[in-house]
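Consider the two complexes below, in which subunit A is the common component and subunit B and subunit C are the respective partners.
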Partner chain A sequence: MGESLAVARLTLLELSRRQLAWVTVFFAVVLAVIPQLIGAFGMTGFERVSKDACLTLLGWFAIGIALLLAATAVPGDVERRTVYPLLARPMSRDQYLVGKFLGLAAWIAGSVMLCGAAIALGCGAISHALEARLLVGAALEALKACVLAAVTLLFATRTGPVAAGIAALAVYIIAGLSDAYVGFFLEGEGVLSLAAWLVRAVKTVLPDFEVFHLKNALVHDEPLRFGYLAALAAYGLAWISGCLLAAGLVFGRHDL
Partner chain B sequence: MIAALIVVCWLLVCGSAWAAAPPPIEVYYHAEFFSEPWRHAKGASDLFARTAWVLGADLLLLGLAVRRSRRR
Partner chain C sequence: MTPIQVSGLKKNYGSRVALRGIDFEVSAGDVFGFIGPNGAGKSTTIKILCGLVFPTAGSARIQGHPCGSREARRGMAYLPELPAWPESLTLRELLEIHARLAGISDRRRCSDALEQVGLGPRANSRVRELSKGMLQRFGLAQALLAEPSLLVLDEPASGLDPVAQKDLKDVLADLRARGVTVFFSSHVLTDVERMCDRIAILHGGKLLACAPMRDMLQPTDDLAVRFRGGDFLRARLEKMAAVRSDGADWVVDVGRAAVNEAVDAIRAEHGDLLEVTPRRRSLEEAYFGLLAGAEAVA
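This part shows the complex of A and B:
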């Protein structure tokens, strides 16, 4: 555990040196300003539009940062040869991967929550109310990004950064394909298409990222059940642990 | 550590099932064009089933990892 935390600390240090924090701060400022711009129209109901737009942008930001950071994490260490002195120490490859993921997850969660706080601040300034529920939405976006980062890390243990990023993006897109699209494009009326069946089967074994999107519930002020949020947390953690275990098995066999 | 994470997941699943009944699907329903998958995705019972099979796969992977470490 201590070794993993040391790697996590190193990962955080490396990310802070890449000055990625400035990108997050810039994005947070943009997200805090957007509600003011939309609110400038002065029409009722535009608070919902601004919340919707900001949460959508936050989702894209979370996906982007997860793919970018996780795809370059392990291949970057191998390319710069910084992984060799680390693995020469009494530390297993699994511990290295867990530490790497913990560092990435801390950075991603911090960035997404900062942007979520900016949205809550911007929307709160319009509605003159504390928009703490938006932080729940941001936390779930952070969890979704961590799951995507774990999936990307799994690919990145075997391939290069570009291939890992593209593969993880493909997983994200296929897993998020709406049933309506599948039915419309792949199924005729009353005809069960093999392609549609195949897509649905693949979707079943991939992580369902759609469940983390509580945007509609948040925008329309619907109640959020604690049980459902806990179940979401379990679902996310289960996928993260599965991906890390699989990544450990793959990385363990990989000849560096 | 990952084994502990899996145990936490099981506890969360059982705890959430105990703490609150699955929310009615209508609660999350909106008459939007592509609302169907979203509405289904929010069905908590569906989420429990999905989590259960992922945790099952986790246990299998954990078994493989333990077997590999014992061989070494």
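This part shows the complex of A and C:
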């Protein structure tokens, strides 16, 4: 575990010195200001509108950084040849991948939680009450991003960053397609019905990213049950473990 | 335990054959030179030794353990050709991470390793602030961090200026004196000739030779006559054979039948005869002779 933590520290140090850190801070400030701007219009239910808009933006941001960082992490190390001295150490490739993922996950979680805190502050400023539930929502967005990062990392162990990013985005989109959408776009007979069947079949073996999106429950003040949240956490961790295991199998026999 | 043992090693990248079944051994305490033209398979062999590339057939063992295993990598260190490091980190941060990966808990080892390669004052500099030579020295520092018994270097002199090359040679000489086994690839044949106990010559994925350096540098039938004298003497000897300079001296290589004639000429022109020794083949001659032979067969 010590080796993985050392790689995680290396990854975190590298990420913290990229311009991305400032982009995250800027985005957090924007999220904190959005409720004030929406509030300025004075429309009814502006608190809910603010939460809805901010949580939607947070979801996109989480997906964006997960894809961007995870797609470039391993191929970047291989391309720049910075991976050679690391893997020549008495450390397995699995430990390297786990370390890489832990570093990415820590960065993604930190960034998303920072933005979540900015949303809570922004919404709290207009409603005069801090809503801790927004942080729970942000934490689940972070978990969703980490699952997506693990999926991307799996592709990135065998392909380049662009292909890995596109493949992971495709997984995210297909997994998020509702039955109604599939029926709407692929309605018909012959090839179309076969395509619809295929998409539905593929969907069943992909992670369900939508379950992490608690926007509706947060916007409409529905209760968040601890058991449900724990089940979501276990579901996310199971997917992360599975993806890392598969990534280890792929990367373990890959010539560098 | 034999530090490196390679047997029937083959590697194909798709349809391209990089190694065609090579065998060699490196003994403990040896400085072993691995030479060959570009594309000969040197880096592939080194990457296999370090577990970065997997062989198609054959085996490679480090201290008796299969290459790539954690045990094999425990006592060895590797410096890749033109090593790259995360640019935003400081030297100290990077070394601390490598120390942790090597299982070293004593942080002073990082400072010591930096001092050893003359980068102590730059410990807090970021990698991006270093010159090429400094990067190579830093690479050596990370390799020496765990005090390895086997050091594997891929073209360590690549891109270094003469001062940095001399520093590198000094470090390697120091390691040799401490009994560390050093395996390195290089294109600088004079360095290999000077530093190595044994060498292997690789060409087109085949091992052309693997022998102690003294066997590669066999005496020839010629004698080397070393002398000092003026231009007139040199011009006179040039008529017998090519005269080359060696520092302040001149050296002419002549056959045994002509040696008396050369010595007489030096005396007649009031030159200083310094020594007459059997001429040894240089590594360069041996290398190009083997390559020419291999290309003729191909």
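Keep this in mind: the second predicted complex is superposed on the first by the 250 of 256 C-alpha atoms of A that agree within 3 Å, B and C clash if a C-alpha of one lies under 4 Å from a C-alpha of the other, contacts with A are read in each partner's own complex, and residues count from 1 in each chain.
Note that in this section contacts are C-beta pairs under 8 Å (C-beta built on N, C-alpha and C of every residue); 3 or more make two chains touch, one makes a residue touch a chain.
Treat the numbers as computed from the prediction; the structure is a model and nothing was measured.
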{"item": "Greater subunit A contact set [subunit C / subunit B]", "value": "B"}
{"item": "Touching partner for A:13 - first (subunit B), second (subunit C), both, neither", "value": "second"}
{"item": "First (subunit B), second (subunit C), both or neither touched by A:235", "value": "first"}
{"item": "Touching partner for A:152 - first (subunit B), second (subunit C), both, neither", "value": "neither"}
{"item": "First, second, both or neither for A:226, with subunit B first and subunit C second", "value": "first"}
{"item": "First (subunit B), second (subunit C), both or neither touched by A:72", "value": "neither"}
{"item": "Contacts of A:249 with subunit B and subunit C, given as first, second, both or neither", "value": "first"}
{"item": "Contact residues of subunit A, present in both the subunit B and the subunit C interface", "value": "92"}
{"item": "Interface residues, subunit C side, partner subunit A - complex", "value": "13, 47, 50-54, 70-71, 73-74, 76-80, 82-86, 88-89, 93-94, 97-98, 100-103, 139, 142"}
{"item": "Subunit A - residues contacting subunit C, complex", "value": "2-3, 5-7, 9-10, 13-14, 17-18, 80-82, 84-92, 253, 255-256"}
{"item": "Touch list for subunit B against partner subunit A, complex", "value": "1-2, 5-6, 8-10, 12-13, 15-17, 19-23, 27-28, 30, 32-34, 36-38, 40-42, 44, 47-48, 50-51, 54-55, 57-58, 61-62, 64-65, 68-69"}
{"item": "Of all residues in subunit A, those that touch subunit B in their complex", "value": "1, 4, 92, 94, 98, 178-181, 207-208, 210-211, 213, 216-217, 220, 222-223, 225-235, 237-242, 244-246, 248-249, 252"}
